[in-house]
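Listed next: structures, encoded as structure tokens.
Below, chain A partners chain B and then partners chain C, in two separate complexes.
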Partner chain A sequence: MRFLRSPRAAPFLLLLPSIVVILAVVAVPLVVSFWTSFTPYNLTRPATLYDFVGWRNYRRLMGNSDFWWAFGRTVVFITIALNLELLLGLGLALLMNNIRKGERTLRTIMMFPMMFSPILVGFMFKYLFNDAIGLVNNALFDLHIISRPIPWLVDGALANLTIILAEIWMSTSVFAILLLAGLLALPKEPIEAARVDGCNPWQVFRHITLPFLMPFIFIAMTIRSLDVARAYDMVRIMTNGGPAGRTELIWTLMVRTGYQNSQMGMANAMGYVSILLSIFFTVFFYRKLVAARSFMAGAQ
Partner chain B sequence: MSGSRTIERRWQRWLIRAGVFVAMAILCIPGVWVVLTAFRPNIEVLARPTVWIPEIWTLDNFRRLFGFSSTQQGLPVAAYFTNSLVISLTSTVVALLVGMAGGYAFARYSFRGKGALFLAFMLSRTVPGVALSLPLFILWSRLGIIDTSFGLILVYMAINIPFTIWLTDGFFRQIPPDLSEAAQIDGCTRWQAFWKVEFPLARAGLASAGIFAFLTSWNEYALASQLTRTTASKTMPVGLMDFTAQFTVDWTGMSAMAVLIIIPALILTFLVQKHLIAGLTFGGVKG
Partner chain C sequence: MTNMLRKALMASCALAGTAGMALADGYDYGSFEGYTLRVKLIGGTQYERLYTRIPEWEALTGARVEIVSSKNHFDLDREIKQDIASGDISWCVGSNHTSFAPQYGDLYIDLRDHIPQSELDQYVQGTLASAMVDGRLVQLPRVTDVSNLYYRRSLYEDPDNQARWREEHGTELAPPTTFDEFRDQVIFFADPPNLYGTAFAGKDEGASGRFMEILRANGGDLFDEDWNPIFNSPEGVAALQWFVDIYNAGAVPAGTVNYTWDDIGQAMAAGQLALDLDWPGFAAYYADPSASKIADELGFALAPVGAAGVRGAWSGSHSFSVTQACDNIEAAVSFAVFLTNDESELMEAQAGNLPTRTATFGEVIDWFNDNDQPYMADMFEVWQGSLAEARTPPLIPQWIEVSNVLWPQLQAAIVGEKTPQEALDAAAAQAREILEDAGIL
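Entry: the complex of A and B
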């Protein structure tokens, strides 16, 4: 009781509500799902929650080709999407940096996709890329580029392409906005000095602008890697893993296993793999961010 | 020499403008197309050749959503919309208050295990919602708070608290502690000093934390789809997904619902867009 009145208790009391909420909604469920991943828990047979089967679920996952396909596709998907978003975002930021008139309006437009729910983006692209009535096919048709509809979401490879396009549309702005903020904060003197010394624009970009932007790039990457799993919403509404499992990502496979097949034990084992994947990406970029920041601090 | 330079410059300027124009068009067209669809009859969507600009403007799609149409039974969209609004606003306000207290503690006090605790908060945010939905589904069912607004509000608070802590910690650290100390010397309690001095200065940061929290809750699907069952707690994104299952070809109805989802987000973003970029970059760069 006396501790609660002492000044040392103040930060503890201030943090208590946050800690309680995170414990209740994140920490305890994680323990539950960790335990569940070692049981054959099935929603239709509640008693199975208390059977301990060791690593059986994980061993089965390791031998399951569907799981490995979904896992591999997820990693490839994240890698392609993040890289293209970075490149396009950087390009857009460099373009916007040269615009002086109406830049506030343009910046607001750039923020549009950030307000959209992933499920909404999924719906939009499902509609735009519909093979019979979609805007894309209609436009290509009217321009006489194609004579028969392209089966965007019906063909496996094209469906993956469409999903990546949707992902890029949704998240390129995050990169563009953060990198634009970086460009606006870029000190002018080193660039002028380099120009006077006869550097061409590419050399200026490569040796001055880019190193300065590095921390901003890694912030964007860290923020983005926090919610890569948003892709679940999009895939859910666009293809739900189809056609024939060709767009199945680890998240859609997990939901199918858990809720549709009621195999909660197995689904939670997949859940742990997906959590580790997310943590890996976030920590990877966060460490680069810390390194880039200390490099910048050293340079200043 | 100088003449060719200016021509080159002009060329460059036009190239840049063209590039920006193309990029903006790509960003705008999907949204514009959905809005146009929301106000046109279904025949136009299916028409060949394509009807680009609606020839008939109609509000029928919205009427249908709210059950004012005689031809088709309405979806409980009004209930979804209310649920979404109540759940998002409540979780945002509470997450802001709770997270602000946490951010203040991190910015102003030093205590044992501070770094580890901060890291723990941030790591809690990396857990994907889909993965978290499995154990939450099991737990919430047993606790009897599945399919309640309360259950979902609690979850969204937990999602938004870490980010709020991160942002407010950064903003409070920017405010020199001398200010509140001066106020305390003048006779304020620490509580009063906080509300009268530090809170007004941190308002910009709170605005951006608030809009991120609201957008996250308003747009969330993965958790809501598993933790809600009926109109008692279903939110708009879940309702939109239901639509695909019920009417496979009702593009106009879905577009109308999409418009309803985007409007509140749009209004809010315009209101505080100035703070948005500051909020995004701030915590990250200054560290």
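Entry: the complex of A and C
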């Protein structure tokens, strides 16, 4: 009681509302879901929440080839999608940075894909790449490029490519906006000095612009690697992981297990394994960010 | 005195009027003045037309209806499961479906304890029987789905097609009556990319259900009487081979393995399919000239029979259920009965759905004939014939879970990754594990 009245308690008391909110919104659901991953918790049989089965769910996951295929495919999906989004976003940002007229309008147009919900994007690309009535196949037919419809969403490689394409369309602008902010904050003096010293545009980009942009790139990468799971809705609409599991990602598998099959305990175990994946990406990008910042400090 | 007498007369007339209204159709809908009934209803254009009758029920009973949730059935299912998990059932009436109902345990009441038998006798008895779970009537069906054939008459009336078919098969060209004929005809009509023989739902319960339908038509079934999975039987392999054959022949769009009902409906309405084994709900859409290219050539036929000479007649019903936790069960039951009474069912049937009250079939056939839509009247006459054989998927809580291990394996066989036997053996092993975990096996 005396401690509560002492000045030393002030920081704790002031932080108390935040601590309570964080506990309620983050910590409690995290602990409960972690607990359920050690139970056979079934949504429609709440009593199963209290049956402790140890590592059974995790053991089953270790021997479940469908899960590991989905896991591996998710890693490949994230790696390819994020890197291509970065490259295209960087290109867009560099182009935008050189535009002097109608810049605001273009910036707004560039943000359009971000405004679409992933479900809408899913429906749009499913229609575009429908083998029978889709726009892409019809265009290819009309141009006499193909004589038989291409099964875009059926063939394993093409289906994954199409999903990556949809994801890139939806999220490249996030990179472009963040990197454009970085470009606008770039000091002009080093670039001008480099030009005076006779550097060509590629050398300026490689040795001045890119190092300055690296912190922005890694922040964008970190944000996107955490929020890339938004693509779940899009994949669900386009293929729902099929056909024959060819486009199954860990998110489609988890939702089917947790909600349709009601096996929330098993789904949470999958979730915790995929959290490890997120932590890995976050730590990786954070280390890169720290390294880039120290490099930039050195450059300054 | 005269004034008082007049007032008393008017009051008694009003009372009699109210009583007469509350007793509409001979069913006592009760009086629940000031009560607010909380409901969770399936959303979507084809379902919401019925809800325009809710104000009538409110006027009849004095209660008010609060729709606390309106979502598509998959999202609603997810929400209801979350409610069960959290123990927070603060609503009374929920939309339900025969495929989903077994999952919900004792969430809903047995309606036979609250609805007189004379009222229940007015429903189609086969439909009512399929609404039972563990011997309890947990739902009151509002529309029935049973799959039958839509076909394009022009293709069958075309002299060239008739001659070619006669030459190839030695019989007259007519809508298929067996699945073998169905396979031969979809391959015969296919002329991709302009015309495909048919398309099928290739994922989710749509794929599992269609497989189950052909399996049963071949004389097989998903489980034996002890719930051992037996769908990897020769009948099952033959059923899956049917899909493989039409897929390999290019008689269906390659993307059909990702199709759901909407995709098939759009393709049929766009004139891209010759035949479509589908639900009655599509009839009005296909017959609407403003939305469909095949409106003036739409034909209806009963679903084909399989090798065993019977129809699989995959069936299911959308329905209403009342929760055990409801604070006014009588009001909730009154609401469910009202939304499935003769007037409500006629409204559903006029939109092209198969009604669940026996009397409605005759009424709606007359109505379509009177309103110059004889083809829709034909549909009800043809499709009513399949109701006697209608069969739902197994009414166990694990059906959706089993379906979710079955359809990826069906896909694997269809796209050629596995043989039908390998795919079905793998699915049967997974289904066995699910039923063992559930304590059924």
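One rule holds for everything that comes next: the second predicted complex is superposed on the first by the 260 of 300 C-alpha atoms of A that agree within 3 Å, B and C clash if a C-alpha of one lies under 4 Å from a C-alpha of the other, contacts with A are read in each partner's own complex, and residues count from 1 in each chain.
Note that in this section a contact is a pair of C-beta atoms (placed from the backbone, for glycine too) under 8 Å apart; a residue touches a chain by one contact, two chains touch by 3 or more.
Values in this document were obtained by computation on a predicted structure and should not be read as measured data.
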**Prompt:** Looking at the combined model built on chain A, do chain B and chain C fit side by side or clash?
**Reply:** clash
**Request:** Based on the superposed arrangement, let me know which partner A:Pro11 touches: chain B (first), chain C (second), both, or neither?
**Result:** first
**Request:** Tell me which partner A:Thr239 touches in the superposition: chain B (first), chain C (second), both or neither.
**Result:** second
**Asked** Touch check for A:Ala181: first (chain B), second (chain C), both, or neither?
**Response** first
**Prompt:** Counting residues of chain A in contact, which comes out ahead: chain B or chain C?
**Reply:** B
**Asked** With the two structures laid over each other on chain A, which partner does A:Trp152 touch: chain B (first), chain C (second), both, or neither?
**Response** second
**Prompt:** Which of the two partners, first being chain B and second being chain C, lies in contact with A:Ile133: first, second, both, or neither?
**Reply:** both
**Message:** Under the stated touch criterion, which partner chain does A:Arg45 make contact with: chain B (first), chain C (second), both, or neither?
**Reply:** second
**Asked** Is A:Ser262 touching the first partner chain B, the second partner chain C, both, or neither of them?
**Response** second
**Request:** Enumerate the residues of chain A that count as touching chain B in its complex and touching chain C in the other.
**Result:** 130, 133, 141, 259, 264
**Prompt:** Considering the complex alone, what residue numbers of chain A touch chain B?
**Reply:** 8, 10-12, 14-15, 17-19, 21-22, 24-30, 32-33, 36, 91-92, 95-96, 98-99, 106-120, 123-125, 127-128, 130, 133, 135, 138-139, 141-142, 169, 173, 177-178, 181-182, 215-216, 219, 222-223, 226-229, 232-233, 236-237, 251, 254-255, 258-259, 264, 267-268, 271-272, 274-275, 278-279, 282, 289, 293
**Item:** Of all residues in chain C, those that touch chain A in their complex
**Value:** 74, 77-78, 81-82, 84-85, 87, 103-105, 192-193, 196, 199, 202-204, 253-255, 257-258, 263, 266-267, 270, 272, 397, 400-401, 404, 407-409, 411-412, 414-415, 417, 437
**Prompt:** Where on chain A is chain C touching in the complex?
**Reply:** 40, 43-46, 126, 130-133, 137, 141, 148-149, 151-154, 238-245, 256, 259-264
**Asked** Which part of chain B faces chain A closely enough to touch in the complex?
**Response** 13, 16-17, 19-20, 23-24, 26-31, 33-34, 37, 45-46, 49-50, 98-99, 101-102, 104-106, 108-109, 111, 117, 120-121, 123-139, 154-155, 157-158, 161-162, 165, 215, 218-222, 225-226, 236-237, 240-241, 244, 251, 254-255, 258, 261-262, 265-266, 269-270, 273, 276-277, 280-281, 284-285, 287
